[in-house]
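Encoded as structure tokens, the structure appears first; notes follow it.
Read from first to last, the chains carry the letters A, B, C and D; within each, the first residue is number 1.
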Amino acid sequence: MTELIAEIPTWSPNAAEFLTFSPELAWVGTLCLIMLAPLAIGRDARMTAGLAMVGIAVTAFFTFKVMGIVSTEGPKTGLTPNLAGGMLIADNLSLFFKVLLLAFLIGVSVLWMSVSAAKEDDAPEFFVLLIGSALGMSLMVSTHNILMMMVAIEFASLPSYAIVGFNKHKRIAAEASLKYMIFGAVSAAIMLYGASLIYGFFGTLDVTLIASNVGPVLAAGGANRLLIGLAMFCVFAGIAFKISAVPFHFWCPDAFQGAKTEVTAWLSVASKAAGLLLLMRLANVFCQNAGAEVLRGVAIVIAVVATLTCTIGNLAAYKQTSIKRMLAYSSIAHAGYMMAAAAILVDAGTVESFTAISAVLAYVVVYMLMNLGAFGVVALVESRNGEDDSITAFAGLGWKSPALAIPMLFCLVSLVGIPPFAGFITKWYLLAALGEAASGLYWALAIVIVINTLISLWYYMRVVVQMFLKESDTPAADVPMSGTLLVNVCGILLIVLLVLSNPLKERADRYSAGLFSPVVAGLAAQPDEESLARSNDPVGGEPVAKDAQGG
Amino acid sequence: MDQHLISWIVFLPMIAGIVLLFVPRELVKWVALFGSGLAFVLSLLLFKTFWGGDAAAIFGDTYGTLHHVERASWITGNKFNIEYFVGLDGLSFPLFILTTFVSLLACLASFNFDSWKINKGIKAYFFLFLLLETGMLGVFVSLDFFLFYVFWEVMLLPMYFLIGVWGGERREYAAIKFFIFTLAGSVLMLVGLVAMFFYSADAVAEYPEIATSYHTGAPLTTGTFDLIELATNDAIQKYFGAASTTLLNVRFAPLMFMFLFIGFAIKLPCVPVHTWLPDAHVQAPTPISMILAGVLLKMGGYGFLRLCYGIFPVGGEFWAGFLAVIAVISILYGALCAMAQDDFKKLVAYSSVSHMGYVLLGVCVMTTTGFQGAMFQMIAHGISSPMCFFLVGVIYDRAHHRQINKFGGLWLSMPRYGSMATLGFFASLGLPGLCGFVGEAYVLLGTFQAGPKFDWAYTAAICAAFGVVLTAGYILWVIQRVYLGSVREEYKGFPEANGREMLILAPLGALCILLGVLPKQTVFDFMNGTLNLLVDQMNAVTQVAMAATGG
Amino acid sequence: MFEIGLTHYLVVATLLFVMGIYVMMTKRNAIGILIGVEMVLNGANINLVAFNRYNGMSGIDGQITSLFVIVLAAAEAALAVAICMNFYKNLNTVDVDHGDTLAG
Amino acid sequence: MGNYEIALCLGVVAPLFMFAVLAFVGHRIGKPTSGWVAVLGVLISLGCATYVLTGWLSATDKAALMATTGYDWVVLNLFGNEMPIEFKVKLDGLTVMMYFMVTLVSTCIFVFSIGYMAGHSDEVDGQCKFHRFFCYLSLFEFSMLGLLISSSIFFLFVFWELVGLCSYLLIGFYFDKKFASNAAMKAFITNRVGDFGFLLGLMLVFVFLQTFDLDQAAATFRNQYETQSGIFAADIDILGWHVSGMDLATLMGIGLFCGAMGKSAQFPLHVWLPDAMAGPTPVSALIHAATMVAAGVYLVARVFRLLTPDAQFFIAVIGCITLTITALIAIVQIDIKKVLAYSTLSQLGYMIFGMGVGAWPAALFHLITHAFFKAMMFLGSGQVIEGCHHVQDMRKMGGLRKKMPVTCWTFLIGVAAIAGVGIPGAHIGLGGYFSKDEVLAVAYERAYNWEDRFGGHAAEGGHREGDAHSAAPALRSGQVIFASGGEHADSHADAGHGGGHHDDPVLAGIAAKQHKIPKWMFWLPIIIAYVTPFYMMRCWWMTFMGKPRDEEVHHHAHESPLMWAPLIVLAAGTLISSFYMFRPELGEAAAHATQAPLVVSVDGEVPNKAQHELLGLSHDKDKDPHAALIGIVGFAWVAGIGLAILIYRNGLDLAERIRRLPLIRFFHWCLMEKLFFDHIYDTVLVGGTKWVLAQVSRAVDTYIIDGIANLLGRSTVRIAEFSGNIMDTGGVDGLVDAIGESTQGVGEMVRQPQTGKIRNYIMFGTAGAVLVLAAMIAVVLS
């Protein structure tokens, strides 16, 4: 028994470790504060938002503090902040994403303030759900343990289900949240089932160990191969649901259309990015630990799914009449582009995998700006013409309110991915990462991406046509200043990030290069061989083999 | 100022464009004129550099001698060194001047903006116009492939709006068609961009001993986007041209050549990807047609010379026969289509297809004379076709239609204009003594000269020569229908070309004659140096590649 | 006689999984679908516990994980019921097929 | 640069300057003055021409004069070598003669035009086009003179196109008239068809001879023939045919000749010239009679050294066909200008035919004499038309001799000149009597005496020319000189050659390569020599003699001095050109200009030392070309003119009766329809060859008239419409649209699973997952 206990990493938290955990704690504190605040200060939207901002600021403070620690001590020096007994990681990638989430939270809050706050009675609940899902997402990118992953995904998802149906009196909102919830529950269940099988095969839910054992287990032959594949795919399905990768994308358009636009903006970026970075982290772990054969199989699956995702996303967007639905499909397509980078799985020791992560990081940043801008304009336009989210509602916008139409144009063109907008440069990073991987599969993916770029032009331009090439009789209406400012900042940043993309790319490189790598960190060094030996042990093999033969 | 002269010229229009957003409406066009005019005047300063007879001193001993070079690091990822690298040589200089010149005239041609059918948004119009000018100038001076690509795509959006907002009846269709076609061409170029970088990295790793950089003199160690480096570095050329270098199991040079070629061929345009051109031309407002025909089409030809043939001569040799077929078809088919048109502008547009076919033919035979001819043809067409388009525009302003068969006898009612029209159309026809002739003659001679190398060259030359007859056919026929014949009642009162119109036509007409009479002094002296060196370089590479294949 | 071993548990878990999936795909009642989800989750739980018990795993990882799963299921169920009620409030039914306004 | 070069260039530039003046400020200068400005320009040219001519005739060392300096226009790159295209003045006897002729005729016509255009240039809308006419004329003058002084085939081509442009502009001068603009277009496009061949020839010259300079090209050609290298060793693939060696050289020659076919309106490209009469009459006189159309002959003369026997034979055949059919058509024309146009065509045919049979000096001699008398007749007809207020129909004229005496008699001189009036044996005659008959004499030699002369030597005669013979300039030129009448010659002045041709193996060798021409090619021109006087006399008689047939026309008829003075000058020119100056100089020029390795220039007469004197009579009594042909053609003019007078002496009745005779009627119909060329071009291209027969019957329908205009204007348009409208919209765009639509279709399809029903979502999701998983398993397992 002592042996067993020795194997479970003991967790005796100290101050330093708490500090690395502080952003999450601050987040939880904020949640509690906002939940309790109505008792003291009432349900005023402004006050609540102010409170949320304070919480965000505090969280940001701690996040930067932790970043400082990580970057000085460095993840690869063995001082990696492993939390909760190795369940959580606070490395550059997760911290970077937290910063991004915070920034995005501010953006979404501003948007919410300018379009919804006035008619909203449930501000505290809104912020609780929003920040709650943010916390879940930040946990998603901070783990490579399947159990923690499941918990984090649920943590991110549950508030999301609720926030999609936040508009209680709207039929489509209720419908959307129900669909989202059911689909989410189903994929969670499947993921859990897959996780249980994986646990059976490898005796652990730590992906590092799984990755290093999968090769030998496979080499043992037999039906394991199929079952392991099935189990891993089930887990992958859970992540794919968050990314809304085909064929787990069905919830996405419906949920996005039914939800409030600012919520759509939030989900379209944050939850997908979290899922993607989680996938990237797992891919990275696999790269470091698994053998070439496994990598090839995994890469092909991801590549196929990525291809399907971007192609179907783009094609389905073609004839949409609702701009939110169209942008929802567009977000599916973009998830597909980013997923293509996750397919870059090459043998350990090469740098390509972190190039891919770097590309995705940069992409996520710009993608956030583009979607915030685009959905921001949609929300603003909707708010002044009675919730009409059809594309034709944009007719003549370019002449009536250029302050909205021009950032919208920037965002849309950037979404297509052509200069002079940052969407191009990040797409270029993706392609470069694929090119650097230098194999037929990745060149094919690159070609898939560029062809999809071409396909996507058509439906993005439909909006542009409405805005600038069509006339409309409806007079221009006032739009809230703060929202307008927000979308314009997004639009301008898109240009700035093209011209001065170095800072972005440098950071992306730095944070991805500093990705916590368990093998290097030494955590898995010991258990590695043991668990490997165990996996080869016939104890596990016998019943499973029987089972497979029976099935 | 002097050392940043090119940058000033390139960005001056854009600066003027931004300035004009803040001036009163009446001043807008004058600011625009000032911007493009100043750019033109400054570009004339460049003659100082290229003047004089000593070709070796001006153009160097090998391909790659540049003037007014500006190099600055732009995007530096962990591997890339994307530069802001601009400069001029004999290839870009004439086209650069042409661009500033045609833009100035087009700006002047836009001065009757207020009398257009769609005359809203004068600021937007001139802003986009100037942005377009910056994009065009940037394409010609960029020597970094990435920068080239960015400028290349920067032009898309302004052009889209210029056609889409201020165009004719079917402007939306034409604009999106232009956009999609051009983007379709450039997405594959993007893959080429990635591939060329990483393959050049492989190349210098493969042959480090011959990887001496023309720029630093030291061996190149990384991949590069430097267009000159890609063309002149022995290691890169050897690796690119080798039969063993493949991408997606296809030989590298021909594949890359095709990737790039498709983009440029669409821009040129040649059959069968030309169909965007008639639509775009017909729908675009007159000044934009001038720009389209005068400058944009030249980018295709410039791309051939700078990229396709400069970097992948082996690919050029591989595809030569195919390209010649396309070229001859373009020449003949374009002429036949021109003949079939009722719409005056469409006729001129198709004539562009035909004329640009000569450019393709000139380059595809890979002879010095052919290259010179292609280049001259581009310049000449850059003079004559804007003139023709403007001539059409002048009567469109008066008659508000372009049906050739409804006109007649315009020479009688507008004698001065009629004379200019005759001059312009005869220049387009390729009459000796006018600019259209020299290029065609050179191309034909160059093609015929390629006979020993390519069996089909004689046939191609003869077929292309037959295009001369067809050209005469459609041009004379249109002159007859529009300008000759008895004057029609409804056009009797047409006012003669006014001062502004003559101010645009006169310089174009003068250049038509000047280029035809003194081709050496006006054009060839400024470019032959570089072209000859390029051909030398190309021949050396193809011979090495052939020897390698033979061995 | 036979001893009840890992295989039996796995068979039961698999059956639960398959039944759960079937239920999810066929039930029109939202609550029914949720029950399907619970079946799959419980299949997973059985797997976890059984593996931990029979497969020579050290520690009680499996059991603990199954506890996590139970908690997650509970949280999910709570939220799901709330959302179902909201759905019912808006549509007067919990037949999920009626919620097809958002489509295409 | 020598003085003469400068003078020639000045003469070229002066009209260009006047062109510029007129183009920019012409409308301010006003009506008569702008004409005089143009005349000033051409007078300068004439002055230069005279200066050069006198200098040339008096020069002793002509070879020194001929060496002129050049200027590199552009520098081409040919197989890695630099090959400049040089602008250089060509200064030789031919240039000098032609230059002088052109400037002289032009001056007359310019002056005439001032009078003529005064009544023809006022246009609608108060726009006066008077200055524009002279503007174009000046441009033409520049181009034509430029063409003459170009020493490079490339520049020949450049100016060639420019004269074509001027022709286009001037034919279409009354462009408000549909027929005029049609005719202009037809002219230009037909010429372009010829130029297409010219361009092909140019390219062959460029690639194989590697120079555009006429002299160098000739030298290279000769050298390549001797060493059997270059073009003679090449084998190229053109449009799927392999052409090699001599055939390729022939192709080059024919290609270059194609240009001449267009410009000189040779069969089958002759159709544009009659229509070109839509231009003002002075234009017809200058461009379409005297100068531009003769440029084709000039071109053949210039590239004579690059011809092969086959190419030359081709030229002869084309010339022969042209001269025959056009002369026949001329018989039935009723429009005075059309008669002249067809007669011009016929005479051009004689010239080309002359070139084809090797009568180099004779053809050029005919060119010059013809230029004078035909210009004169055209101006005469212009005078008539002007006097009769734009009536051109000869049936409405008649009896004008009293109203227009000068015109009448000068016209008669023209008729006499073209008819070849002369007294055989007495060496008295006019124009064609010497020039045309000399062509015929050479043809006779080629048809009947050729093998007798050289055949015997063909076998053993060496093909190479040795250095030993280079001492003899006349022979080096490859020129065969003989006196007519089967008596060979002779007594040729060149002392180095006492032996005569029979004994000269080199000459014999060259000559033996040439074919004997078929006999019909001799007899057809002879027959036409009888027809020519007939239709010309018919024309003169119908116009000037008899009784006035239309009172009104007759009433208005008048002459004006500005217009008849040039007629007199040209009449003088006709007389002079028949006797003095030109013929001996051309004979001498031939020595240099015909140094061909493969073909020979056959001189119908022997130059005499004394003829080098300016005033020396050219036609040596003993060397009369008629000596042999006296019975055949010597009195052709008597027969032709006589028959014409016989038929038309009492008005048109007799002619009308003859016309109605059964067989004649058919021929008349054929000729009236211009032997259906226009129709054929139309129909062949409309329906394709397999429809030709069916279409010929339809061609009678009057609505298909407009020949070449429709060649491209209707038939090709149908192809073009097909390609432009059907292919582009249906094909390429269709494809693109189809891709777009199918993309949208696929888009629609992938949306189908998005039913909105969550159960479906779960099902599709699971199914999709299973599919992906299956794919993965398939890959991993494989």
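Criterion: contacts are C-beta pairs under 8 Å (C-beta built on N, C-alpha and C of every residue); 3 or more make two chains touch, one makes a residue touch a chain.
Because the structure is predicted, anything quoted here is derived from the model rather than measured.
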C-D compared against A-D, more contacting pairs: A-D
Most central chain, Cα average position: B
Maximum centroid distance from chain A, chain identifier (CA atoms): D
Inter-centroid spacing, chain D versus chain C (mean Cα positions, whole Å): 98
Whole-Å gap between the CA centroids of chain A and chain D: 81
For chain A paired with chain C, centre-to-centre distance based on mean C-alpha positions, whole Å: 25
Averaged-CA centre spacing for the pair chain D and chain B, given as whole angstrom: 39
Multi-chain contact residues (two or more partners), chain D: 751, 754, 756, 758, 762
Shared-contact residues (touching 2 or more other chains) in chain C: 21, 24, 33, 96, 99, 101-104
Multi-chain contact residues (two or more partners), chain A: 178-179, 182, 186, 253-254, 458
Which pairs of chains touch, using the document's own definition: A-B, A-C, A-D, B-D, C-D
Footprint of chain B on chain A - complex, ascending: 351, 355, 358, 399, 413, 418-420, 424-425, 428-429, 431-432, 434-436, 438, 440, 443-444, 446-447, 450-451, 453-454, 457-458, 461, 464-465, 468-469, 498, 501-502, 505-506, 509, 513
In the complex, chain A residues that touch chain C: 3-5, 7-8, 147, 150-151, 154, 158, 161-162, 165, 168-172, 174-179, 181-182, 185-186, 188-190, 192-193, 195-197, 199-200, 203-205, 253-254, 257-258, 320, 325, 534, 537, 539-540, 543, 546-547, 550-551
Interface residues, chain C side, partner chain D - complex: 21, 24-28, 33, 96-97, 99-104
Contacting residues of chain C [partner chain A, same complex]: 5-7, 10-11, 13-14, 17, 20-21, 24, 30, 33-34, 36-37, 40-41, 43-45, 47-48, 50-52, 54-59, 61-62, 65, 68-69, 72, 75-76, 79-80, 82-84, 86-87, 89-91, 96, 99, 101-104
Chain A partner contacts - residues on chain D that touch it in the complex: 740, 743-744, 746-751, 753-754, 756, 758, 760-762, 764-765, 767-769, 771-773, 775-777, 779-781
